[in-house]
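Have a look at these structures, which come just after this line.
One chain, chain A, appears in both complexes that follow, with chain B as partner in the first and chain C in the second.
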Partner chain A sequence: MRSLLSLAVLAAASVVSAVSVTGNRLLVVLDDVAEKESYSKLFGSLADRGFDITYDTPRSEDLQLFHLGERTYDHIVFLPTKVKALGPKLTPQILLDFVNAAGNIMVALSATTPASTSTVAFLAELGISLPQERTGLVVDHFNYDTVSASEKHDTLVLHNSKPVRYDMWDVFSLRDDEFLALPHTVGHTLGAGELLTPILRAPSTAYSYNPKEQTEAVDPDDLFAAGQQLALASAFQARNSARVTVLGSAEMLQDKWFDTKVAVEGGSKVSTKNAEFAKTLTGWTFQELGVLRVEEIEHRLKDSNETNPEIYRIKNEVHYQISLSEYRWDAWVPFNANPNDPPQLEVSMLSPFHRLNLAPEEHSATDRTRTYSTDLILPDQHGIFNLRVNYKRPFYTYVDEKCTVSVRHMAHDEWPRSFVISGAWPWISGIGATVSGFVMFCAIWVYSKPAAPLVKKTQ
Partner chain B sequence: MAVAQQNALLGPPSQSSRTLLRVVILLFIAGAAIASRLFSVIRFESIIHEFDPWFNFRATKYLVANGFYKFWDWFDDRTWHPLGRVTGGTLYPGLMVTSGVIYHILQALTIPIDIRNICVLLAPAFSGLTAFAAYLLTNEMTTSPSAGLLAAAFMGIAPGYISRSVAGSYDNEAIAIFLLVFTFYLWIKALKLGSMLWGALCALFYGYMVASWGGYAFITCILPLHAFVLICMGRYSRRLYVSYTTWYALGTLASMQIPFVGFLPVKTSEHMPALGIFGFLQLVGFIDYVRSAISGRQFQAFLITVLVATFGIGLAGLVALTSLGYIAPWGGRFYSLWDTGYAKVHIPIIASVSEHQPTAWPAFFFDLNILVWLLPAGIWLLYKELRDEHVFVITYALCGSYFAGVMVRLMLTLTPIVCVAAAIAASKLLDTYLVKSPSQTSTSEAGEKKAPKSADKTASPLGVSSMVSKLTIVGAMIVYLLMFVSHCTWVTSNAYSSPSVVLASRMPDGSQHIIDDYREAYQWLRQNTKEDAKIMSWWDYGYQIGGMADRPTLVDNNTWNNTHIATVGKAMSSREEVSYPIMRQHEVDYVLIVFGGLLGYSGDDINKFLWMVRIAEGIWPEEVKERDFFTARGEYRVDDGATDTMKNSLMYKMSYHNYQSMFPPGKAADRVRGVQLPSEGPVLNTIEEAYTTENWIIRIYKVKDLDNVGRDHFSAAAFDRGQKKKATKKRGPRVLRVD
Partner chain C sequence: MRFLPSFALLAGAASAASSWSFSDGAVEVTSKGSVSTSYIFADVQETVQLGQADRLKVSLTAKDGSKAKRPHQAFLMLKEKQTGLEAPYALTLKESGKGTVELTQKDLPIQLLTSTDPLEASLVIGSFGSTKGAVSHAFNVAILVDPNVPQPQYEAPLRYGKKPEIHHIFRDDPKSPPKIISLVFALAVVATVPLVLLGWAAMGANLDHAAKAVSGSASHILFFGSIVAMEGVYFLYYSGWKLFTVLPFMSIIGLVAFLSGSKALGEVQRRRLAGER
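Right after this comes the complex of A and B.
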């Protein structure tokens, strides 16, 4: 009965958690709660995916991100607000604490509203810089939407967007015939940090300027950024795998930009992929996509049944395997790593002694995990080693698993015996000769009759 | 003296009652030896002392829990993280095995005694045996029956030996001194009798000694030296040949059974004298044989040829083998025995140990008292007779005195022979003035109370046998001996009975106040940190952390890896930016330091700091420089005038972090260095304070994890303090991101 009950609880829990790995409480911070109507499709999609959405304004009295040290929300969406700072409930410190407590944040900016100082300070800590004076507008005189921005060229139309590196997961890529419209975009630049990854970069002909001050021309020294250095949407994944995304154009999430048709210069009108992009972006940010889970780690002596022993011997043959699964929207599926970039096993003490590719094992269609494994021979060095899988790839949550094992020296009775070593045979026979010689000498000594004294004989 | 008193009460005793008396007296001496070592247990508690004993204790527990073979193959993964230590193969197992055997015997006798108590009381118990061994050794030297008992009494209470054998001082020396003296006794016995049996026994105990203490090399060098001196004196005999070759062959085989020693006896220079004398003895034996076979003139030519050829070949072979690397040259510790400044220049790690410093002259008197001036008298008395065994005592005393003068710790090896020689001198004196009067032939063993009375009758006014001189000499001797006893007791009680884990101080009203910061800190570690939390501290505290806190350490008192120690030294003496990656690489979770500034405890890490710097400089002369820690005028300062390198070093920051908050503003003072500290305390970014004990003696810091959002710790800490990032209006080339 009890097991049935717990099973029911478990089932209920799995239904609730089916939405996102980290929880379903979503807070949307906007200027006016009524404003949510213009984003109804986006929030409708989120609600359909099981999120429990709360709308609030930065001025609200009872807005609280932490209660008794625990997060009260799992995810936050910041839409553009007109306030200069977000107030004492949403200071940069609190936002950083929220990320440190594994909460996810999506910041949507707009060129029409200056970003709040809190947001700027918060993003600056992550290594994301916004334009001076908190305002900026990205224009591109070659890739603009001729329908809505034929004059100002401030609605960018992107297509054929590829990941920044060929071996990355192409979750946000756009085909050549898929178009995104980004109206009134604020660009940002990324620091050199390895936790940051650009999602959308501006076309090489785009640049950012301040529409209030730089109305005539942009002095090259004052240029914020241009071309590929200018990111329009970026992802940040903290070391605890909490995710922060920055989107330069909040308006592209509005209903009207989901349905509208755009056209580049000389092209025909096509409908945008904004809705799909918004779904992917929110899904990734709120940990519905690209979440890796280590199901099981097993290492053992080859031909032994004892799993995960704490101590091995030098030069032991060891089998290591790790099972990984990936969360995709609502289910855990086997994780298939890029065959050119598989997870690797490090056998390290101070520095790695081995770094080995882990090969995927065969698996059936019903499996929810995929097992990666390798066989290795431990180094000829005793010490405390870490069997470590350090798999950190953009857009996937980090896998950093360390199994600490001691590798001991040869015990006194594990060396080959002397008679097995052919080089020792001369010495062994030497010992034998000495011993038998001594015994023979003793025997002769003991059993030989002493010679009669010479004097007696002569008599 | 004791025997004299006993005898006086009973009158002229028979042979059997004398034997009984001796046994009783020896038992009393053993009792006194044990009792005087119990001060620490009575004052404090039954606790293991100091540093090394904590490791021995831990190893013994492992032995008792896991059995001998596990112990033999023990790979210790809780020290020297992450290298680990092949403990079973790098220790002298004699001490632990002895305790283990005693434990199992007592268990078999159904006496349930805790292994800790066996460890605590092992040294006092063995001191009783040492007294007995000294008795036997002295009896081999002289016919005077009282000399042996005096030697036993001296041995039992001499502070030079007590310093390493009080209850709780569970170190190798606890049993090694007994083995040393007993091996020497067996050697003398073998030499006197020319007996293979005694030679084999000597080898057996030599093997036990090798299994117990690194100081076995002393025996390995003293016995050949003795043999060599005898040969040079023209005292070669069959007895010497038999006893030496038996000892050397069997003893070397026995010593090679210890994994830590292994092939050292045939590979290192320290063991070469024994091998050389072994060969030399064969040669001398052969020559001896030839001399009896051929004529005088031929023999002389033969002798010269053989001697020159052998020495030439032997020496050339030794040099060649050494330069080819088959024989290890003399070790650093050995060089420091000849040149006391050697270690300080070349091997700072050896010089940094206080017990490796040269001995101060008062220490001789402190540790030996009247025995110091009885020793030359005893040597002279032996020199007058100069039998083979007396040569041994003289050789030993000369070498021992030299070594004791070079290294504080070697006072221990000198003490036994001082006791023997002093007992011979004292007994000669007492025998002469108590019994050797012409009219007193019948009571040759008369006691002192009786002696003055009987001396009355003879009434000769002058000379040795006069009443006056007897009274004066004997009275003076009694006073000296009584003073010796009281000195020994005083020294034992005041200098050698502190566990140094617990500090004792006096309150203003005279009551004792216990400062228990060490155990407080170790207990905190034990209860509040993960089982495998790695603790970084200076190596002095490694064994204690392992024993009391049961946490893995980076370095400990078994200083086998100088580079690893230098790494810790570098982490302690560098800026945080340099230290942090080192600590991350070694997976350090906590850093433990000792700080005496608040209490005035002078043995703290700031005072040891220069050794850390020197040892680190030995490996990274470019990165750590001792000069940078001294001011321009060459002063080592911690106050406002300290150098920037000093102020930025991790050790300085950890020591004085938050210290200013204990005092009114600007009044912070360091009571060890006696200086006023800067009003602004140091700021730590990469580590945070985890625990500080009641008297601030131990401070524990936790190493922070990498920043969650990828900042460096300095900007993260600045952000937490509320400092805003400056709006950077950059000029010059832009920093572009490359994906």
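Right after this comes the complex of A and C.
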């Protein structure tokens, strides 16, 4: 009976932890626990998805991200706090350790509350810069909400219809007629690192300024950033695939902005898509979306049944396949790569000899994985080779799989026989002539009768 | 330096009262030797040339409707047409709405500096309240490069994405000469066998003593047979046998050849001593 009960508990636990690949313990850091009421829809959605949410303030005594070297939470959300620094429990170093331990962090900022110095230092470590004096407001006199900010222009209305780069996954993109409202946004700029990806960029006419100092006009010397260089939401995916997102407008996650109607100049009122965006953003950050898993790797000699042999010969024809699946909200589904950007196989010894696109194989609807494969001829160079799939793409967890195989040279009896090579024919007939000449000479030497002298020599 | 009088560039700027616009828009390029060219926006047909040591100055008077006023935002936006990259430069604005911005090649980001096409310069003017902002194309500016000065190179940062395919280039297969040539030379080599036979025959070689030799010592059959058999073993070794298959046969045949050979050659010696060779 007890074992049945514990089984049931285990099953329940596994159902709950199925929400995110990396766990369901979520910590929300906010100024005042009562503040969570204004975000009730966001946290309700997270709780429905199975997250176990803990609310805490940075001033709390028993807040602890690590216990005995293990993470006590899997994910953290930082909402704007009025404190100058987040205190000794949440130093930038501890936050970095948290990311290094594969924890995910979402940082929501607001122009109405200066970011804490801990947040600024933590983001600076990732290559994300915030405006000077930790405060800045993004305004756009061309794309503002005429309903709520007709005077101040500080509620941006954006439609994010295209991903930043044409070949990227459009997980955060909206349809052309769908809008996001970003009230009181603080912008940031991104460094050149490859781990950073902008999710939302400001329109080209937007700019960031300090509302306390630059009330009359923008000071050219103090312009933090403007136009598309100003990011409003950005993603950082560390090398261990831990995720950090920065959102410039925490208020867009509040209930009142989920169902409000906004209008751009000359446009009609439309409902915002903030709720959907918040769901996607949290889902992506907390590893409910875009998590890739390698199910199976198989390589074999063509027309051979032995899988994954350790040794091949140069110029062997080899079949390689890799099965990938993707986690989407609560289930592993086949991973369908962008047809223009398939996984690639590298056959490399120091540097790649081959880099080949892997083609998706036919699959049935019931499959939980998608197989990508290619046929190749191994290079004519013997040595230790890696069959490597290095699939790193923005918004997907990284896949880097290596199979090491030896590639030997041709054995002496694997070459074509000399009679097949036309250039060898004179040499082979030479051997034949020598052999037959030798046998004939032996016969004559042994069995010949002395010949009658042709001319008698006379003295 | 001359400034020609200008008119408001924006179409309908005067009629729509609640819109930002500007007047007296002018662009001026000052070279080191104080040689300068200046244009008013409406007249800029040609591309403004910005040399390495030149200084580009844009000035205008911003207007809210028809009244000169200071806007909160007045940016000169330089855009690279191919990539769509933009670099904003804020104008220094006075209370009266007059604003200027100066820039040199050093102020340009490297992506724009290395652009081969002229950059599109436009002005963005906007402010709080209900007055509409305005974005207007002003002029094109070409970046002149001095061929004597090494140009900065733009190195694109690493981005995760698809990489170009690589197909290994295999070494060429070994080549043979045309078959007809090989065949002719092979036949030429084979033809030496009848030639050497003819030569020997001409010199009187014969096999007349074969019967006599066999009757003298029967080992001759074994001896000659072992020589032929040895060649046969060599042929089988070439055509597929392995070394350790061949070795026992060779040792047996060799032993036969040794034992029968000593007798057979003894018979040959007797014939020689009898003066029959």
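Following the convention adopted for this analysis, the second predicted complex is superposed on the first by the 430 of 459 C-alpha atoms of A that agree within 3 Å, B and C clash if a C-alpha of one lies under 4 Å from a C-alpha of the other, contacts with A are read in each partner's own complex, and residues count from 1 in each chain.
What we mean here is this: contacts are C-beta pairs under 8 Å (C-beta built on N, C-alpha and C of every residue); 3 or more make two chains touch, one makes a residue touch a chain.
Model, not experiment: these values are computed from the prediction.
*Asks:* First (chain B), second (chain C), both or neither: which does A:265 touch?
*Replies:* After superposing on A, A:265 lies in contact with chain C but is clear of chain B.
*Asks:* After superposition on the shared chain, which partner residues are touched by A:311: those of chain B (first), chain C (second), both, or neither?
*Replies:* first
*Asks:* Of the two partners chain B and chain C, indicate the one touching more residues belonging to chain A.
*Replies:* Touching more of chain A: C.
*Asks:* Contact-wise, after the overlay, does A:151 reach chain B, chain C, both or neither (first, second, both, neither)?
*Replies:* It touches chain C, and chain B stays clear.
*Asks:* Looking at A:192 after the superposition, I want to know if it touches chain B, chain C, both of them or none. Which is it: first, second, both, neither?
*Replies:* After superposition on chain A, A:192 lies in contact with both partners, chain B and chain C.
*Asks:* Kindly classify A:169 by the partners it touches after superposition: chain B alone (first), chain C alone (second), both, or neither?
*Replies:* The answer is neither, since A:169 touches no partner chain.
*Asks:* So in the superposed three-chain picture, is A:412 touching just chain B, just chain C, both, or none of them (first/second/both/neither)?
*Replies:* In the superposition, A:412 touches chain B alone.
*Asks:* When the two structures are overlaid on chain A, which partner does A:426 contact: first (chain B), second (chain C), both, or neither?
*Replies:* After superposition on chain A, A:426 lies in contact with chain C alone.
*Asks:* Check the residue A:100 against both partner chains and state whether it touches chain B (first), chain C (second), both, or neither.
*Replies:* first
*Asks:* Shared contact residues on chain A for chain B and chain C?
*Replies:* In chain A, positions 165, 192-194 sit in both the chain B and chain C interfaces.
*Asks:* Can you list the chain B residues touching chain A in their complex?
*Replies:* 69, 72-73, 75, 77, 81-84, 86, 89, 259, 532, 585-586, 706-711, 719-720, 722, 724-725, 727, 731, 734-737, 739
*Asks:* Flag every residue of chain A that touches chain B in the complex, lowest number first.
*Replies:* Per the stated touch rule, the residues are 92-93, 96, 99-100, 121, 124-127, 132, 164-165, 189-195, 197-198, 221, 229, 236, 238-240, 242, 311, 349-350, 382-385, 404, 406-409, 411-413.
*Asks:* Could you please specify the touching residues of chain A with respect to chain C in the complex?
*Replies:* Chain A residues touching chain C: 139, 141-142, 150-153, 165, 167, 192-194, 204-205, 207, 209, 216-220, 223, 226-228, 265, 315, 340-341, 344, 346-347, 352-357, 377, 379-380, 392-394, 421-426, 428-430, 432-433, 435-440, 442-444, 446-452, 454.
*Asks:* Applying the document's contact rule, which stretches of chain C touch chain A when the two form their complex?
*Replies:* 70-75, 77, 86, 88-93, 101, 124, 126-130, 132-133, 135, 157-168, 170-171, 174, 176-177, 179, 182-183, 185-190, 192-193, 196-197, 200, 203-210, 213, 220, 224, 227-228, 231, 234, 264, 268, 276-277
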